[in-house]
Amino acid sequence: MKMVTAIIKPFKLDDVREALSEIGVSGITATEVKGFGRQKGHTELYRGAEYSVDFLPKVKLEIAIVADQVDSVVEAISSAAKSDGGKIGDGKIFITSLEQVVRIRTGETGSVAL
Amino acid sequence: MENTILEMQFALDTFYFLMMGALVMWMAAGFSMLEAGMVRSKNTAEILTKNIGLFAIACTTYMVYGYDVMYGGGILLDGISGAGDKYSNASDFFFQVVFVATAMSIVSGAVAERMKLFSFFAFAVVFTGIIYPMEGAWTWAGEAVFGLYTLSDLGFSDFAGSGIVHMAGAAAALAGVIVLGARKGKYNKDGSSNAIPGANMPLATLGTFILWMGWFGFNGGSVLAMASKESANAVAMVFLNTNAAAAGGVIAALILVKLLWGKADLTMALNGALAGLVAITAGPDTPTALEATLIGAVGGLLVVFSISTLDKVFKIDDPVGAISVHGVVGLWGLLAVPLTNSGVSFSGQLAGAGTIFVWVFGTSMVLWLVLKAIMGVRISEEEEYTGSDIVECGLEAYPEFTK
Amino acid sequence: MENTILEMQFALDTFYFLMMGALVMWMAAGFSMLEAGMVRSKNTAEILTKNIGLFAIACTTYMVYGYDVMYGGGILLDGISGAGDKYSNASDFFFQVVFVATAMSIVSGAVAERMKLFSFFAFAVVFTGIIYPMEGAWTWAGEAVFGLYTLSDLGFSDFAGSGIVHMAGAAAALAGVIVLGARKGKYNKDGSSNAIPGANMPLATLGTFILWMGWFGFNGGSVLAMASKESANAVAMVFLNTNAAAAGGVIAALILVKLLWGKADLTMALNGALAGLVAITAGPDTPTALEATLIGAVGGLLVVFSISTLDKVFKIDDPVGAISVHGVVGLWGLLAVPLTNSGVSFSGQLAGAGTIFVWVFGTSMVLWLVLKAIMGVRISEEEEYTGSDIVECGLEAYPEFTK
Amino acid sequence: MENTILEMQFALDTFYFLMMGALVMWMAAGFSMLEAGMVRSKNTAEILTKNIGLFAIACTTYMVYGYDVMYGGGILLDGISGAGDKYSNASDFFFQVVFVATAMSIVSGAVAERMKLFSFFAFAVVFTGIIYPMEGAWTWAGEAVFGLYTLSDLGFSDFAGSGIVHMAGAAAALAGVIVLGARKGKYNKDGSSNAIPGANMPLATLGTFILWMGWFGFNGGSVLAMASKESANAVAMVFLNTNAAAAGGVIAALILVKLLWGKADLTMALNGALAGLVAITAGPDTPTALEATLIGAVGGLLVVFSISTLDKVFKIDDPVGAISVHGVVGLWGLLAVPLTNSGVSFSGQLAGAGTIFVWVFGTSMVLWLVLKAIMGVRISEEEEYTGSDIVECGLEAYPEFTK
Amino acid sequence: MKMVTAIIKPFKLDDVREALSEIGVSGITATEVKGFGRQKGHTELYRGAEYSVDFLPKVKLEIAIVADQVDSVVEAISSAAKSDGGKIGDGKIFITSLEQVVRIRTGETGSVAL
Amino acid sequence: MKMVTAIIKPFKLDDVREALSEIGVSGITATEVKGFGRQKGHTELYRGAEYSVDFLPKVKLEIAIVADQVDSVVEAISSAAKSDGGKIGDGKIFITSLEQVVRIRTGETGSVAL
């Protein structure tokens, strides 16, 4: 099993969730995060004094799947999360290995627990 | 029947005084909300405590001896037990006492986010009991300044207190800010200034509207009479001009910041409204509505430049802009009076402004330094990081909202 | 002595006018808080800026020429320099000017979350300077509508402005919403409507209470006199009925939404209170307390159905329900007058409502379209996503609270 | 001319009544904000709904039959259609009706966060229509208690309602809290008490300032006359003392909590202010300003001990401290009257307090139990976890702020 | 070492924390997240218009432990987080491999740093 | 590639971000979390009643890097996040293996996508 972690722009959340539902992903955990990367923050003026916003709001999605779904999930996220033509800050997808899953309700483990 | 009419006049004037006083009391809520909205969330409960505490202290010390210092008549309001001549003495006290609290409220915003709560309260006891009543005696009560000169003789006039209340509060605040220093993180090593956004704009706006409303009492009540055609007209004109000046302040500040920075900075619009109000306070009775609007508008322009200059050039860290709104614009208010009131002279206004500033700034500076030596005035750096809510009040203003 | 008594009457009426005017001014804070609570947090600072800005603009344009358009007497308040006959002219202006601002405040809520700030201000200049004063002249000032017909002759009566102020504001708002279109995300492709919950319910509730309180000034002051037994009784009855109608509106709306949707939707209770107030405003002097309660209750029922219908059937996206509260219920208020006031005719009310609506809606529509052509009226889609606070004001209303 | 003067007196007294009534109406906003700030965010919209709903209910039931029960004159305000003698009857009703709502508001805070909304509303109908008017009839209207004894004959006096309004509200609240039980999670198995911090301190502070301001109407209006020198002086003294007592309450509570717990707990300062106000309400006319300050200060001390004792010793879970502020301190207020008013006896005060408490607590207890049997009074444990906002109102007070 | 990541219902947080303390777990990092899974969201009415709440509030716990503690930790979380009988949405436990740990304060690494 | 996850005290965030920038780290994802560990919470008094704050506010940083940067990143975080001398609660660094990275904007994968 794999854990796919995607960092996306917040306003793409609904599109990504729909794209994932369509390919049969049954569970997602989302977290509001702040991202720092190539996309630079901006400088604001408040009462004439500057302040810089370095961290930009992003959403992190964690999706546990069986290994052979990885490509389709990456594809679904990528196309749904990309702004037209692709813009800096569209985000990243990280894939890590997932050793075990347990469903608390039933105690099931492994891919049936996803 | 003659007598019944006199009684009616007495009653109407007293009633008017009480309603105006209630509106001024309401300004305490305005300052609380304005300041609570302009600080960070971690210092919100403390500034609320400061505001309700200082109001209570002002009411009590002024009752015990402040009113006596200012207008005479004995401590503990001995002298006001009689009914009064044209209106109830008790209503006069009620109207006067809320002014003291206003002056003190000005200080609390400027020293926000880093001052020890009980040192502030100690300052409040002396300021409301002696510092303010002394200069009040020289101005509204017409006494000679240390027996040397009499301001009214010099052509000084401050109708409702641009100088006596507002600039005085700002002078005490300035001394406090100098003694305290800036908030941690406000200035960088290279001297540049960082913005520290206020946590709650609706509160700040509410506070401004409350102050705007309360100001009708502040200026309107300062006519000191209502029960004749002349005084009723005067009060009405004062209401109209007070409103016009606030409107002028908002418009001027909004246009200026839009031109300067491209954005309609709400906090500056709020400060513009207050600047308009402070500007007209020294003479709301003589200008026409248009003149009042312009006096307010100049206040609105001044306040934007002043806040920016104090912050960036002089490194005076005043989280709510109190020194600019009440001090710089308070001075402008005083100087604007001769423009529409021929009975008032520029030199007199300068003399008055100078007297008030020197006295209040000087005594406040001494007092802050004494407090610093005795009990300290500033919380520690770590406490400042944690926030004065936890440190001073043991609770959080918004415990459930993620910060 | 005769004279002293006349002066006392003058003074009392003036004082009364000023206090009522101060209460109406306070309604500006009410609209600000209500609207700030009903929008999303990212559009909160902007709507606050809009509200304080429009109030300032209304006060200034009405002073410069609006009052002259409506009641004559010269621009820049030339004509009010004299003292006045029964009360101070200045107090009359003060009372009238806050009504203009109220009408304008109604618009700001309906166009919230997507309109350009300075286009709105441009609209406000014309609306408060000309559009409102014109219809005010035809109604309260009794002038003939373009010299054609006189509304009062037709049996039209609008005591405190259900139509003249509230429906007029709603008509301008409706034109604005049509020109602007709905907020992004409000309607789905299949035409169904999405809820966009307001960010801060305590603010919305506070705003409603402020409006409720301010309405005593709005309706109570519209008796225009206090210093006789008859007028004092009238004012008292107006206070009582204003309160009763608001109560009726709350109860009716709460029960209805509980029956319809199973939940006591707070926002509908708030709209119910305002609907009750708008409903009684056209005739708060003639009903009994029970009748006033029922007039308000009908308003409370109407507002629920109207909000739901405008949203779902007509796809009119009005974030705060202003068009329903002030427009639909404003019309109901006008039509309810003949039920308890025999001096007023249904046909007259319809003629008045039609005149006001056609004039205000028509001129507003033209004005919105002109503004759209010249400077644009709507922020871009991306800006709408970011929120108008950052885009227009360069700051956030609640920078520390996670959204 | 004689007549004109009488009319003027009538007008001034009516005007005064209406302004005082408007201030008391404003207290409804104060209670709403105070309570909304002292509960958790998930129960905020519900308590706002409760507050605006109870105000509407109080206004309606008191109009329908409550006023008749208390002062006679026919249901539906039949009896007040006449103009009145010294002031407009309508203004008297308006002033009285907002008192009923105040008493009811006291209950809502104590039962917060766990009570069914519509059971509360059902209680409100009976409380404002019968329970309160009955004891009001025995006290302010001077009727014999069930024909047995007359409180005023026993030397009982409660100027503005420390007992009649505040302690009565607290007695109903106490019965409610006993029937309801504590909030889930409030007490541990070992009996120790957990703090459940209120979600929004600026709101709670705003509410306190609103109440402070409104109290000038509450106490000041209870002089019931203004248009003579004597009554004007009395009103002025009442304003002054009301303010002084609140200030005393703040200072005493702040110092006490600082000594006890080392922190300046803001919520206790707020409760201290209210305690000062409740304490002076039974007799704001006779003390000197210093005495008033001290009466308020004792209230401020009492409230701190009472809140702590009710919570930890008696396990009475009262989220806002209403029973302590209005009940315990209300009793203190009654007992303090004889200290400065020789016309009032301790025994009379005790008789009055006993009568009010037994009647209100007893009938309320029966009513709560009946409601419990018929419709239930408490939401389920799971609903309590979710929060009454979603459960009762179908919305969240702060939907965008992370909790 | 292993990283155990559990998604649980928020009101079970205190129970789970206690259960973990009892078996000697010394550190937990908790995050407020929104979950999308078999437990469906709900539809609310606001001013008569519907809106659906798709993501439900959950708490994510991350617990770094030595490998042989995994079973007892999973057991402790499962029993504390399960609603009576087990209800949809009770949550999931993910186990991944943890290569290294460093305690910032001391620079210690490996299992002593946990 | 590796994923470095650091739990630090919130007020060290700016220092850590600067230290990471200096050694050329180009991306960070930050999350506000609550930590439970050796650093004990505190007890507060509210209206005379006690309540204990068990979970303390922390910031979690996730940094995806190529394997040979691990040591310098750990070193940079450690020195920037350590309070003078090291205090309990300064935090922890976890290192896990990262199998794949995708940059949504371009579709790039592997270390160039970091």
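First chain written, first letter: the chains are A, B, C, D, E and F, and each begins at residue 1.
Assume contacts are C-beta pairs under 8 Å (C-beta built on N, C-alpha and C of every residue); 3 or more make two chains touch, one makes a residue touch a chain.
Please read all numbers here as calculations on a predicted model, not as lab measurements.
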| item | value |
| --- | --- |
| Intersection of the contact lists for chain A and chain D | B, C, E, F |
| Third chains touching both chain F and chain E | A, D |
| Result of counting contacting C-beta pairs for D-E and B-D, higher pair | B-D |
| For chain C paired with chain E, centre-to-centre distance based on mean C-alpha positions, whole Å | 51 |
| Chain B and chain F: spacing of chain centres that average the CA atoms, whole Å | 46 |
| Averaged-CA centre spacing for the pair chain C and chain B, given as whole angstrom | 32 |
| Residues of chain E touching at least two other chains | 31-32, 44-46, 96-97 |
| Where chain D touches two or more other chains at once, by residue number | 1, 5, 8, 12, 19, 197, 200, 206, 261, 263, 265, 267, 394-395, 398, 401-402 |
| Touch relationships between chains, expressed as pairs | A-B, A-C, A-E, A-F, B-C, B-D, B-F, C-D, C-E, D-E, D-F, E-F |
| Residue numbers on chain E that touch chain D, as the complex places them | 11, 32, 44-46 |
| Sites on chain F touched by chain D in the complex | 44-51 |
| Sites on chain E touched by chain F in the complex | 3, 17, 26-31, 64, 96-107, 113 |
| List of chain F residues in touch with chain E within their complex | 2, 6-8, 31-38, 54-55, 58, 60, 74, 77-78, 81-82, 86-97 |
| Of all residues in chain C, those that touch chain B in their complex | 1, 4-5, 7-8, 10-12, 14-15, 17-19, 21-22, 25-26, 28-29, 32-33, 36-37, 44-46, 48-49, 51-53, 55-57, 59-60, 63-64, 76-77, 81, 83-84, 87-91, 93-94, 97, 117-118, 200, 203, 206, 392-402 |
